[in-house]
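You will see chain A twice below: alongside chain B first, and alongside chain C after that.
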Partner chain A sequence: MAKDTYLKKILGNDRYSRVRQTKILMVGAGGIGCELLKDLVLTGYGEIHIVDLDTITLSNLNRQFLFRHHDIDKSKSLTVAKAVDSFNYFDTKLVPHHGNIMDAKQFPITWWSQFSYIFNALDNLEARRYVNRMCLYLKTPLMESGTTGFDGQIQPIYPYYSECFDCQSKVTPKTFPVCTIRSTPSQPVHCITWAKEFLFHQLFDEVDSSAGGLNDAAKIKSETDDKDEIENMTKEFNELVDLRKLIFNSDARTFFTELVNKIFKVDVERLLLIETLWKSRQKPVPLIITQYEQDLIRILDDQTELQKIFGDETKVWSTLENLVILFKASESLQRRLQGEESFLSFDKDDEDTLNFVTASANLRSIIFNIEVKSKFDIKQIAGNIIPAIATTNAIISGFSSLSGTNYFKYDFEETQDFSRIYQESSSIFISIKPNKYITSASLVGPNERCPTSSIARGLLKLTPVEVKELSLKWLVDKLIEQYDYADEAVALILGKSRLIYDVDFDDNLEKRLGDLSGFTDGELLMVQDDDGELESIELYISIVEDHESDYLPQIKLGPKKAITEESSNGSSGAPDVATDTIVIDEEDEDLVEVTEPVVKKRKIEVEVL
Partner chain B sequence: MSKDEALTADEIALYDRQIRLWGMATQLRLRSAKVLIVNVGGVGTEIVKNLVLGGLNSIELLDSSVVKEEDFAAQFFLPNDDSIIGQPKLPIIVEKIKELNNRVKLNINTTPLESIFEDPSYFKQFDLIIATELNRSQLFALNQHTRALSIPLYATGLHGLFGYIITDLIEHYSTPQKEAGNQLREPNTKINRSKTITKVDFDKGSNTETLTILDEFVPIPQIFKSKELPNQLNKRQLKRLSASFPLIFSLFEFEKPLNPEDVIDKELLRAKGIQLCEQYGIPTASITEEYLDMFSNQAFTEYSPVAAVLGGTLAQDVIQFLSKKESPINNVLILDSVKSEMPIYLL
Partner chain C sequence: MSLCKTRLQEERKQWRKDHPFGFYAKPTKATDGSLDLTQWTAGIPGKQGTLWQEAVYPITIIFPEDYPSKPPKVRFPAGFYHPNVYPSGTICLSILNEEQDWRPAITLKQIVLGIQELLDTPNPDSPAQEPAWKAFSKDKQMYEKKVKEQAKKYAIAG
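Showing the complex of A and B:
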């Protein structure tokens, strides 16, 4: 076969034959995934599993080049696997899975353990953190990657040798004080947040009293002492509950009129009565619907006019146009709730919900003298859309596969000693300057304060019979024997927070493991040294028909790290203080540039599809 | 469609995620751009994919080659079918490319480049030309025509883990917006040999300056005999300069082997590399055994991830060029994926 002449020349025969025999996993088949899968297939990998839970949408097609118009609404993972068939020149075996990577039933740890390398091509923090933790349990190397607009980065992760995904804190979405959203907005985003998370949510979504935190009494009290303001918020909220009832027992016009009257007139007039709010702010101007009623009725009957308004999403709508949109959207949402659907959640791709949020946010902006935005712009803010382009994804996927394939330079079949490959690898950031296009940075060891990698991890392997027969005492003894806890003092926490054993609580000792509620496959067991000397180990309970003789990971526990156990147990939170020590290849950079990749790295979220 | 005609709702929906990045005006500029791509090998495949997705007006592919066995390394528009070996490449791949985005007009032309040179007015129909995998005489000849016709030219090629982009874009005006500092920038300030601020518009409200920047380019043969490199690098950078730069330029003196198994003679490559280092005024010590081995082995080979990085970078720069927002690459970019470096030199 001469098709692979080039691959042999470039990778060398040894590496190429390792690549041919290896089984890898790619998580995510979107913007990066399409590009990456192409590169991996053309590198000749033996077997590639692909996991994605998403389906294809129109806005994917500008960059996810394996998808076509006729693929819209189909499964991404199944579609990519089929699409690369046309250039699967080296007969890679492709195994797609349509599902959520965090589903431990569909993807138990035994499934994960078949892969020698994992590529992340994900768009959300939760899933990336999950894959990162799985790789720490299994000591599987991971390639992390992300893009946003022109920026992008890759980060090779060698578990416990280099920084993990959680070692550097990530930017969390900005939140606003409840009072700003509910009483005193001053920016378009405040009105959009109000429209989406408060108004829309309370009227149409699944009922919960918290209103996404926007009616949280404790939170409101922590922000303001103004009794009038607090009282007003409660009143507003209760009336909204009444309005919701109207959806079911009134016609569209009544519902709309009541809605506009309450939300954009009565509520605003009441706010105006709280004079303290307006001492240093411009006063809002209540919307008087009667002014617009005639025009509104005329336009609602005029199909051409309606089409014209709805047709231009990049235009900034007038008050009247926003009222038209609001009417049509609330009419439609009302009809849907009266029909099959029991509740409606905001979805940027659900036109009715987006129209409602756009129009109500804009009407609020008009009242509060804030800039009005086009539907196109509001969609981006309300839908957390991150711009994404084909070229950045191609570049980052290219580096991801290059760097991942570098791992197969050495034979890791027997050992998981990553000390050499870790020294030879680097993170890469796109950083376009007149004199260079990328910046690379040597990897550094795990962050001591990282809640994820500052504790040891591994598998606790048991057969179903052993779970039924062996007692908790057996397990405690086994742990003490394996890890040398002084004074035999350990504490065992099952799942999120259930203490099942410590020196002062031995009630469960004689119980069989299977009789402890929650002791199931895929559950986590945290083992802490009560003397506080050894680091904690988090065990992933893996119940399999047969396992090799080892029950516990053969590792030596190091000294306890600085991080407190509470924050590490089961949580995925990042350290609040980042100790960012990205080491730039020293000789290459001047001081000004050293800080840049760190900022970039924090800034980078992945593309939202 | 003309530049003045607004984007349709369908176009906005399709290009949503990129319009949110570069704006409607850039998308309109892309929609009116006519581009020629010479040779559709590994890197050409990536470039055409990216530009078709981006939404150009039209792309003409010029390539007279037939499908070879080694083309299956990185040219993913080829069907997985050995019986096409020996057949003209473009007619086989064109439909597959069209599927990516039927809004872009795609033409194919299987005339040999040398015949095109006999009537260079052919090039006039294009706003921009991207030439891939040319040898030196082809590159110089093409550049002579693009210079004469004032058409911007990008040249690029792959050597396994390495690659290059060379640009002669004649001249380019961009209008970046910068935050204003304590001291306002002055019009007619020369930033370096090729870059001049020609205009400064200060907006007090937002405290930003909109600059007009002129980037000037030199003809490509001048790049091949430039003495500028030592002036752009400090001592340390010069010392750790990768051999990929002199070796990539050395390979312009060699022909691609007919048999893909063949390698480039290492000693000839060494001699040429050293000669080029001396000519460019850079240390010959950069020419290491490791790099000579890699280059003699990987010269002219194609590897998909490297094609993706290089083709992504080039297509992105073409979009940058057309959008007129920032300066494009001027004038040599080297991709060294062993050292994970992509330096840009102004030669």
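Showing the complex of A and C:
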């Protein structure tokens, strides 16, 4: 029996023959990509391009089954393409590319336009958004997929017919204000953030080997705001420098005693002096080490007792136990810095660093009367971990591949009218909740207030000669002529945020396009109606050897839409950290993004008119 | 994000149409001749009849990529004397704090007016530097002296 007998039966002859002749792109060759490529090859696609920028690491091997031990350090995309060879029954042409999908030089829009369908198998928000936008520019259908722990989902996207990736807003990782972290923590996560990002970082990590550099104004400005503010508090800074010196110039006991004294007593006493802080809050209670000294010394000499404390990571440690852990951790970290390592970064899998952060976070929690957490819990919170599960990836890849064939029911060679197909497609969700193992939802039309798909998009085509010779004034006139802006009030923003022209800023009008820095192939040009009548259009600058007479997309701009903006935090206080959606893979540093927000957020609508 | 740039251009337009008297705000000019919409400089005049009068205090406003979901970072020059200003110059103000009162609908105009208000009515609940906070709560005379000295430094020319 021929290998494609069942495929033909399942897909039908027409659909199968379309699949056989189709060129598709798969972005990402990691957890989902490995599973998905197997499925796509066995579906018989004519040609599959694979893009990934990563190389294989040991920690990938537990779930990325197309890789073997001898593949470590090799390119993921090149390796997967070879790995599926042994079951490439339908002679699918495999074209791997090692590179960053967001690199417009390696992957210009002309390259993107060769694909009839795109499968995302990505692990980060930025790349997903990028592919989503490219699909909107080119009206190429996209299959989006993502997993986190036991949860997973697929979402078919038919540009401008169904919701795009950005139509539902995603939860962004939580950041806390400096004031809360430094002065007035009220939740375990505040203390954990303080221990990890501030205390550990300042003491052991690669920041201030030279104190002079830190007082350098330019350098301080370039730092993130948190660090910046913290480092500028001269007093605390100087004391920390002294403490850092002690790592090298003292024995373990002196370092530990000074550390505990400064961090958990002196600093807290200083905070207590600021009386107004505590009018409506419970006062922190400084930790007096002498109370615990005797017991501490006794336990540190008692191996059985030590093992008992270290042995149970799910137990909530007492003050004394946290002090014991802190002592042992700071002793090890001190020894490591005195030895080979010149700095240490927090790593949830590095026991010494995790112990230090756990114990110091807990001691701070005790001082501020906040719930103390077990080491196990703190590891989850500090590392934002939800494990990547091979089975979830396999199931989601199966749905992605199967649901992708849906598109080939009809012939879209001629038209890009997706009105029928989008109503026959659905998103699929999987979870481990009883009765909700697999659920599906019909696709709905684009969210009118989506910041990404509610603006028009298209290509601005120019030849290299035109870029060299035509002026910005020519482009402004061309835009006004093409889209009929009232009062000729347009604003042009190049790239992320560079305004090159508006009615109040005409300095650049006489410049040639090529002389505007950043006016290059693959860059974006946002054109906005300053009168607020017409919708904005974002143009993708495509520099091609020749093009038809059209420079600009022949579309009619609709009226300007109001765009939704969402508050990035919940209504009161921070949500529990377990609901954070950026998740770090248990085994390596792959970012596993959740595509479905776990937390329902309050929406704030803003009329940007 | 496209939302960030469209919104910033909108703020620029609104400011041009209407802004409070004595204030200024403009995006900084990059070396390539464009205007960087994410980096603004602005001036906050001290209210008449307060210690802060007769001076315009310069601030920088930096808009993050996920503005307006996230608030801009606003600073005075480093070392600025005010109980709610960090030594780095960063302003501790609830409407600029994502966890507190920041809302995407808050406009540039509201921000600068909020900062003007803060100048003479410091928030005793969020001390950000020791010298000004201590003087403000314990030694009013010293505080007034320092603020007036600072006002001279930023005095309106002429």
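By definition in this document, the second predicted complex is superposed on the first by the 330 of 609 C-alpha atoms of A that agree within 3 Å, B and C clash if a C-alpha of one lies under 4 Å from a C-alpha of the other, contacts with A are read in each partner's own complex, and residues count from 1 in each chain.
Heads up, the rule we're going with is that contacts are C-beta pairs under 8 Å (C-beta built on N, C-alpha and C of every residue); 3 or more make two chains touch, one makes a residue touch a chain.
The model shown is predicted, which means the values in this text are computed figures rather than measured ones.
Which holds for A:Asp504: it touches chain B only (first), chain C only (second), both, or neither?
Only chain C; A:Asp504 stays clear of chain B.
After lining up the shared chain so the two structures overlap, which partner does A:Glu197 touch, if you call chain B first and chain C second: first, second, both or neither?
A:Glu197: touches no partner chain.
Where does A:Leu516 make contact in the superposed view: on chain B (first), on chain C (second), on both, or on neither?
Second partner only, chain C.
Output check: A:Asn62 vs chain B and chain C. Expected answer is one of first, second, both, neither. What do you get?
So A:Asn62 only meets chain B here.
Should A:Asp529 be classified as contacting the first partner (chain B), the second (chain C), both, or neither?
neither
Could you list which residues of chain A make contact with chain B in one structure and with chain C in the other?
Residues common to the chain A contacts of chain C and of chain B do not exist here, since the sets are disjoint.
Given the complex with chain A, which residues does chain B contribute to the contact?
Residues of chain B touching chain A: 9, 12-18, 20-21, 24, 46, 49-50, 53-55, 69-70, 72-74, 76-80, 96, 99-101, 160-161, 195, 232, 236-237, 240, 260-261, 263, 297-298, 301-309, 311-313, 315-316, 319, 326-327, 329-330, 333, 337, 339-346.
So in the complex, the part of chain C that touches chain A is made up of which residues?
Of all residues in chain C, those touching chain A are 1-10, 12-13, 16, 27, 30, 32-38, 63, 65-66, 68-70, 73, 78, 86-88, 90, 92, 97-100, 102-105, 124-128, 130, 133, 137.
Spell out the residues on chain A that touch chain B in their complex, using ranges where they run on.
Those residues of chain A that touch chain B are 2-7, 9-10, 35, 38-39, 42-43, 58-59, 61-63, 65, 68, 85-89, 149-150, 311-314, 376, 380, 385, 387-395, 397-399, 401-403, 405, 426, 428, 432-438, 440, 587-588, 607.
In their shared complex, at which residues does chain A touch chain C?
Residues 172, 175-180, 217, 220, 225, 228-229, 232-235, 274, 276-277, 279, 451-452, 455, 491, 493-494, 496-500, 502, 504-505, 507-508, 511, 516-518, 526, 528, 530, 536, 538, 563, 565-569, 574, 604, 606, 608 of chain A touch chain C in their complex.
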